[in-house]
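Pasting the structures here.
Each of the two complexes below includes chain A, the first together with chain B, the second together with chain C.
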Partner chain A sequence: MPRLVDACSIEDVEPEDVIRFDHESHVYAIYRSPSGRFFATDGICTHEHAILADGLVMNDVIECPKHNGRFKYETGEAVRIPPCVALRTYPVRVVGDRVYLELP
Partner chain B sequence: MGLGIVIVGAGDCGTRAALALRGHGYSGPVTLIGDEDHAPYERPSLSKGALLCDTDPTPIVTEDRLRSLGITFLKNVPASRILRDTHEVECSDGQRIAYSKLLLATGASPRRLRDQMGRISYLRSWRDCQSLKASLSAGMRVVVLGAGFLGLEVAAAARTRGAEVTVLETQPRILQRGVPPEIAAALGARHAQAGVTIRTHVAADLSIGSHSISLGGKEEIEADLLFGAIGAIPNTRLAEAASLSIENGILVDSRLRTSDPDILAAGDCCAFPLAVAGGLKVRLEAWRAALDQAEVAAHNLAGGDQALGLLPWFWSDQYDTTLQIVGLYSADLATVRRDIDKESFVLFHFDPGHRLVAASGYGPTGRVARDMKFAEMLVANSARPDPELLGRPEVNLKSLLGA
Partner chain C sequence: MRASYRKRDYSIVGPASEQAIAKGLAAAEWYHTEVPRKQMKEFMQRSDGPAIRDTLIWLSLLAASGAGGIYFWGTWWCVPCFLIYGVLYGSASDARWHECGHGTAFRTQWMNNVVYQIACFMIMRNPVAWRWSHARHHTDTIIVGRDLEIATMRPPDLVRVVLNFVGIVDVWFAMIDMVRYSAGRLSPAEESIIPEPERSKAFLGARVWIIIYVATVAAALAMHSLLPLMLIGLPRLYGAWHMVMLGLLQHGGLAEDVIDHRLNTRSVLINPVSRFIYLNMNYHVEHHMFPMVPYHALSRLHEAIKHDLPPPSPSILAGYREMIPAFLRQLRYEDYYIRRDLPPSAKPYREDLAVGELVLQIASSDVPGP
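== the complex of A and B ==
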């Protein structure tokens, strides 16, 4: 059964930005797109150990702070090397002003 | 395109170029020639994490994947000469491979010191890394020759492994080339805090004994392990033998073409005109430059006509800190400092026309990356941001991008 985890308030993430969210010793990244939609992926780059929330969101892409690999945060797709493995994504639900992750 | 494309060198640059050829839709034959006995792997971690833990090399691509992409990968067969007249590359085993276009991505090799006993270790390949890792142990006395990125990274790794580490540098300070003094000082302090002894301005005439190193005939430093990191020399032997132009590396134009238009060169082995520095010929030993050049080389090998527009970008990780530099720093640039927090800062470097031409950041891993990304975008845009605003940490750099 997937469970909903209360991650943050919608105010915690600026549009076109990302924050880190830790839950049960797993690191997630929560994104707010320029148009205000929320997304979530694993919070560590698939290439080397780097916290994606230290990186930069540009439109629909997150760029890793370490080696500038890029992922589409909506689908997790790796779109610029060095990473070649996609990020895992998680469904997000916004209820009122809270952002919930749907975790397996 | 009938004969296909041959790439000599299966490092980061050559391998990425082979993959990019397929990525761009080139369907002719591609042969990737490597002189190591491994599938292509990434080199950056060899002087960092790979010295600290037991891992396999980080693969760029597996041999299976190369096969499925129709890329012929020849490993452990150094290319021995280029036959320009017949458009062939001859390998050490005698086989000849015909090309319509050839890419030389032969990399660089460590500059070596005179050392008749062969005591000095160097680091370039996975094999070098494994051998260095195996010889490092707690309590041993390690002397690192050269305080550039590589020497300091190995010093940090050796210290983390419990060795007693001394770094010797003939220049007046560490990271003399291309790194601002403020960042060199902060990183030097981090090494001192970790217990590494750094000595600058040491005599250049070293002599290597069986258990020590002698400085200028005056002083002996005991050493169980000597590590040499005094720079790298571009691998130009094949190109020279084929009478291609050489000038601090294999000379290429903005399209990465050598003096033979059917032969391109990319990565650490080539000297290229740096567009953002007015076409100044430079050779960068930098991972990102190698990757950027691989992309452009692939495009042009497949018949394209793309100019190289890269922006120099370097990074180093030592202990829990990172440093990043974008653009070419030089001491004559005006500098504005932005303190992000107690440990992290970014320096912005301006030319006399108030244009931001370089930026450099230092601090715990991750903290400086975001500001450096904005700095990179400002440098790429040839922006002239207000120095007073850059210096105020509460000003979001994103807000300056439109300026």
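== the complex of A and C ==
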């Protein structure tokens, strides 16, 4: 049964940026696209241990700060090596000024 | 009493690799200077403009000096032309390979990919194998048994170092590797880092390169002239000196098996011409600490974090004055390394993992002094 977890305020994430969200020993990344939509993925690169929230958001892509691997944060697809495995994505709901993650 | 040592094992598929993993040195959390997110985002921003400008200058100078070399071939006037051409081919390609491999030089990825392929050919580094070895170099910088790109292993092989100023050793091994890749073979070390789906690209690239080199040699034979090889292939030898001169300074004489780039990496202040050739990789501590910052922002990054770094070597000569004595000392005492003082404003070195413990095996009570 999915559950909603209150992650942050919409003001916490600038447009075309990402923040880290830790919950129950798991690291997530919450993105705000240039058009203002919110997305969430796992927060650790699938290649090696690197915090994606330290990376750079460019349009619909997050670049890992360690090896410059890239993912589309809407789908999790790995689009530039070294990572070859997609990121897990999570549904996001915005209610009022709060951002909620839908976690399994 | 006689002290005996086990020779350092730099293989990434041997016992040293397992020891590095066991000690927590592999894929470790490295020290980073704190930079506000807003400022770091500014440093990380990508732009095509600087790299398009620098690439056009680079290729134009290559074409002009190459044309001059052809026009003046057979006279002494071709010498300065090939001196310039050689450095642009055999040294500047190193920096272009590096920056475009990181994907940070251009904002537009296809531009990174095109320049990357050209530069890889010039510097004779397989585009696939070196992409993955460089990723490992950034994960485990100068970690014995993990990093494939340690230029001066201990004890330093100074003959090899000197020969590489004209590319002799590196090119010899690059040719062997090229033939090996073209036959569809990887070394065990390469198999350990290159994923299966990537391997066929490495083999295809090597086969294309061999065709180009065979065609160049055939042209030289047909023309009874060295000129084709002076333009393709040989510049990797006679133009390599600038790359080696600066490349050795990156980590030479500094610590192994640490997880703080301030201990194992050196920044050097250099002249503007060398900075253009080297694409600002003289700010090497900054690059390793924040590899997502493009080359054109490294000097600004340096200004922002220099309070937390050891002072950069003030010149190439100063860097060599520091590094060469360290190399000579390491011939007698391998565990010696240069430890530079931090400014008072810096946070202490991260030294929760001991330097040298991994490899120093002392059989008796005598420890040789530095």
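Note that the second predicted complex is superposed on the first by the 104 of 104 C-alpha atoms of A that agree within 3 Å, B and C clash if a C-alpha of one lies under 4 Å from a C-alpha of the other, contacts with A are read in each partner's own complex, and residues count from 1 in each chain.
The definition used in the following text is that a residue touches a chain if its C-beta (ideal position, glycine included) is under 8 Å from a C-beta of that chain, and two chains touch if they have at least 3 such contacts.
In this text the structure is predicted, and so the values were computed from the model without any measurement.
Based on the superposed arrangement around chain A, label chain B with chain C as either clash or fit.
Clash: chain B and chain C overlap once superposed on chain A.
With the two structures laid over each other on chain A, which partner does A:D12 touch: chain B (first), chain C (second), both, or neither?
A:D12 sits against neither chain B nor chain C.
Look at A:K66 in the shared chain and tell me whether it touches chain B only, chain C only, both, or neither; answer first, second, both or neither.
A:K66 contacts both chain B and chain C.
Please work out whether A:I81 is in contact with chain B alone, chain C alone, both, or neither, and reply first, second, both or neither.
both
Return the chain, chain B or chain C, that is in touch with more residues of chain A.
C
Where on chain A do the contacts from chain B and from chain C line up?
After superposing on chain A, chain A residues 48, 54-56, 63, 65-68, 81-82, 84 contact both chain B and chain C.
Contact residues on chain C for chain A in the complex?
Contacts found on chain C: 27, 29, 40-41, 44-46, 102-104, 107, 109, 131-132, 135, 138-139, 195, 197-198, 290-292.
Would you pull the chain B residues touching chain A in the complex into a rising list?
Within the complex, chain B contacts chain A at residues 16, 42, 44-45, 49, 58, 60-61, 287-288, 291, 313, 315, 322, 365-367, 369-370, 373-374.
Which positions of chain A touch chain B when the two form their complex?
Result: residues 48, 50-51, 54-56, 63, 65-68, 81-82, 84 of chain A touch chain B.
For the complex, which residues does chain A have touching chain C?
Per the stated touch rule, the residues are 17, 47-49, 54-56, 58, 63-68, 70, 80-82, 84.
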